[in-house]
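Shared between the two complexes below is chain A, which pairs with chain B and chain C, respectively.
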Partner chain A sequence: MSKRHEIRLSGSGGQGMITAGVILAEAAGVYDGQNVVQSQSYGPEARGGASKAEVIISDQEIHFTKATAIDILLAMTQEAWDKYSHDLKSDGVAVVDSFYVKEVDRPGVHKLPLAQMARQEVGIEMVANIIALGAIAGITKVVTRESLEKAVMSRIPKGTEDKNRQALEIGFRLAAGV
Partner chain B sequence: MSKRHEIRLSGSGGQGMITAGVILAEAAGVYDGQNVVQSQSYGPEARGGASKAEVIISDQEIHFTKATAIDILLAMTQEAWDKYSHDLKSDGVAVVDSFYVKEVDRPGVHKLPLAQMARQEVGIEMVANIIALGAIAGITKVVTRESLEKAVMSRIPKGTEDKNRQALEIGFRLAAGV
Partner chain C sequence: MSKQVALLQGNEACALGAIYAGCDFFGGYPITPSTEVAEEMALMLPRSGGKFIQMEDEIAGIGTVLGAAAAGAKAMTATSGPGFSLMMELLGYGCMAELPCVIVNVQRGGPSTGLPTKGAQADMLQARWGTHGDHQAIALCPSSIEECFTQTVKCFNLAERFRMPVLLMMDEFIGHMREKMTIPQPGELETYTHPRPKIKPAEYRHFGEGTGVGGAYAAMGSGYRFNITGLTHDPKGFPTNRADETKWKMDRLRAKVADHLPELTEVEREFMDDAEIVIFSYGAAARTAQQAVREARAQGVKAGLLRPTVVWPFPDQVVTEALRQARAMVVAELNQGQMILEVERANRTHTRVLPALRYDGEMITPAEVMNVIAEAAR
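What follows is the complex of A and B.
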């Protein structure tokens, strides 16, 4: 039985979802040695403030490259939740930002203070996407912590290593508490 | 008749092909208002030093999201050319780095000094990917210059705006000379 994980990272345009998608894909593909397809699409259905990036991770070759039954969903805004949670599987894992996402129409959603911790502990909300990646990896184990850290370090602007390492640590800490 | 363009950007791991793919996709999708799917895959076939990012741009909704008949190919290294040029269409446009790609097995390939101009004129080879995007846009008109510049500016680290604007300018200048 092959294992296929479909992950969707969604939020508003400025929240770094595509960067997070590329980082997660590299953690799984380059460092964990899995088969991975990472994609984003733009079009009439993607108009508005919501943005998403998708990552499919499999131990088999990936022939069908669309994400249609989501195993792991991140929603950083209410609009992203409303727009992109419909095809989350019934046993899927959902992580949402507890400040920006107030209404979720299903039980078991992990509401985590991603943006708030980014602001308060790291001093910049911009790293909320990295906190989110840490939380997702910690909760689901879809990538190893070591690989995720390597991928984060290879993709961030020089000079921001400490803040991003701190963000990742916060994410894993949040995961440990769920 | 719908217009579909499949673009593959390939090079070695550190040459910023994925960043270039995301930028090109945002230029076409966010700023030019086209339908776009941008993707990268990782797996056994992607092992080794070569890296690629693909962008499909269409005036219609994109149902088939794999790139299988390439209209525009960028190859920044010989390995990338050898690995990723096989499904370039016979009337496709190929742009290669003239320093790193020495042998091409078809006529009409645009050999441009992308890395060399980056080093000599901008002072950092890292912007060769942005020069390449300018050259591709200038030669093929697959995205507008205005949209490409907006997308570049939204994706680069703060403080590197001037060097990237210069890189883009060099790319369009190279295109004007082909």
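What follows is the complex of A and C.
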């Protein structure tokens, strides 16, 4: 990888987009040894409202800290897709939740049952963000699986390791089916 | 011990820097986007034997910090615009009573409650002139997570040495951004603690020798008797109305910064050797400027960057010289034009000075700065 990768993880406040961004940044920066900048934007409310986290990964020094030409976009809600997909590059990769995002205005979008798999297989929708990370890493190889797993384990609450490991596994499985 | 590389938020790095510097007291009131500084300090201070107190508001918060400083602690608080405004009166008390402490302002959009979760650099002149009366200010401005750590350490060093409140003017962009950094090992960065007096208590004058910079001073309760007050005072700290003593005190306060400008001038230079278009930028906006300078160079424009990391006192001499060298200077900042006023004041050569401003809560982009560079190059 010899370029700047701009990744945007978007959804609704409370869906764990910022946590996912931090995990992805830690995987790329601390464990894969890349340069990384992670930032986010959210409203004053704790839940609801569109929320996004951005991660820039590069083997060069990163100066400008914001994402403006998106290589990889995750949208967990229709509102997030509508609001945050406008600057996805034409050759960018888009992953959306197939339950919450119904209308996408471009071809080639990966519609994956992220929330549904979280509910059915893990039993809690809360881990949909981790499934999404697994899917993104599986599809794009933007971080290694080993590093992502380490980062997930270092950033989740104690006692939830099994559920999160399972979620990551589901994500990579979904990616393999793409 | 192996070097620890961590992914840190600017606010976390600031708190870690404070602990590294020997901070043993935090008093304050949480406010977005600075809250993580208080959260981290609340976790770490009890472990390192320090004290954390959350007060009823920011006025009380800075009050506890000044009290702790008088009692010999390395004290800090962290806030954002609305809280910074509330702290202005006691900031002046800290200047007058010469109390070393660190005040962190993670700037957000204003005025008033403004944009709690979005960044700005709109308190830059408030940092200089927000409290009333003639006074000096020392303020630092970090552009990266690593600088949030190292500059917090430096703020404590300067506060201890100059015996005054020192401001760390962060912003939401840097405060909430994460980058990886290698945590400095103990001893790797300089940490300064002011000497304590060794003379007999009867001979001690709290505001005695010279300007007090780098000198010894006592903590309250250590056996040395002195008074502190916001009123103009004599060398023992007792209120005075006398013109000669007033002038002595005011000259002392001014000289402690004015007589040490070289030590307090810290400006990062990039591509400045042959620069014709110089960008002046600081804090989060400087990251965009760094990108724009490189893009301009790639297009054949001889652009350079001046990035002050100490913003107050303003680096007059460096800016005046850069303006003499340059065809034009572009000032990139996240407000309606604040530090550009200082740049214009330092402009002795009628060099063109152009603003590149953004104040809608979003980060200025390289393209926006490039447009102004193109205009400057015409």
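Keep this in mind: the second predicted complex is superposed on the first by the 169 of 178 C-alpha atoms of A that agree within 3 Å, B and C clash if a C-alpha of one lies under 4 Å from a C-alpha of the other, contacts with A are read in each partner's own complex, and residues count from 1 in each chain.
Here is the rule we go by: a residue touches a chain if its C-beta (ideal position, glycine included) is under 8 Å from a C-beta of that chain, and two chains touch if they have at least 3 such contacts.
Being a predicted model, the structure only gives us computed values, none of them experimental.
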Three-chain arrangement built on chain A, chain B and chain C clash or fit: clash
First (chain B), second (chain C), both or neither touched by A:Gln116: neither
Which of chain B and chain C A:Ser41 touches, first, second, both or neither: both
Partner chain in contact with A:Gly29 - chain B first, chain C second, else both or neither: both
First, second, both or neither for A:Thr68, with chain B first and chain C second: second
Partner chain in contact with A:Pro157 - chain B first, chain C second, else both or neither: first
Shared contact residues on chain A - chain B and chain C: 22, 25-26, 29-30, 35-44, 62, 65-66
Contact footprint of chain A on chain C as seen in their complex: 5-7, 32, 116-118, 173, 176-180, 284, 287-288, 290-291, 294, 363, 365-366
Complex contacts: residues of chain A adjacent to chain C: 22, 25-26, 29-30, 35-44, 62-66, 68
For the chain B and chain A complex, residues of the former touching the latter: 18, 22, 25-26, 28-30, 34-44, 46, 61-62, 65-66, 157-158
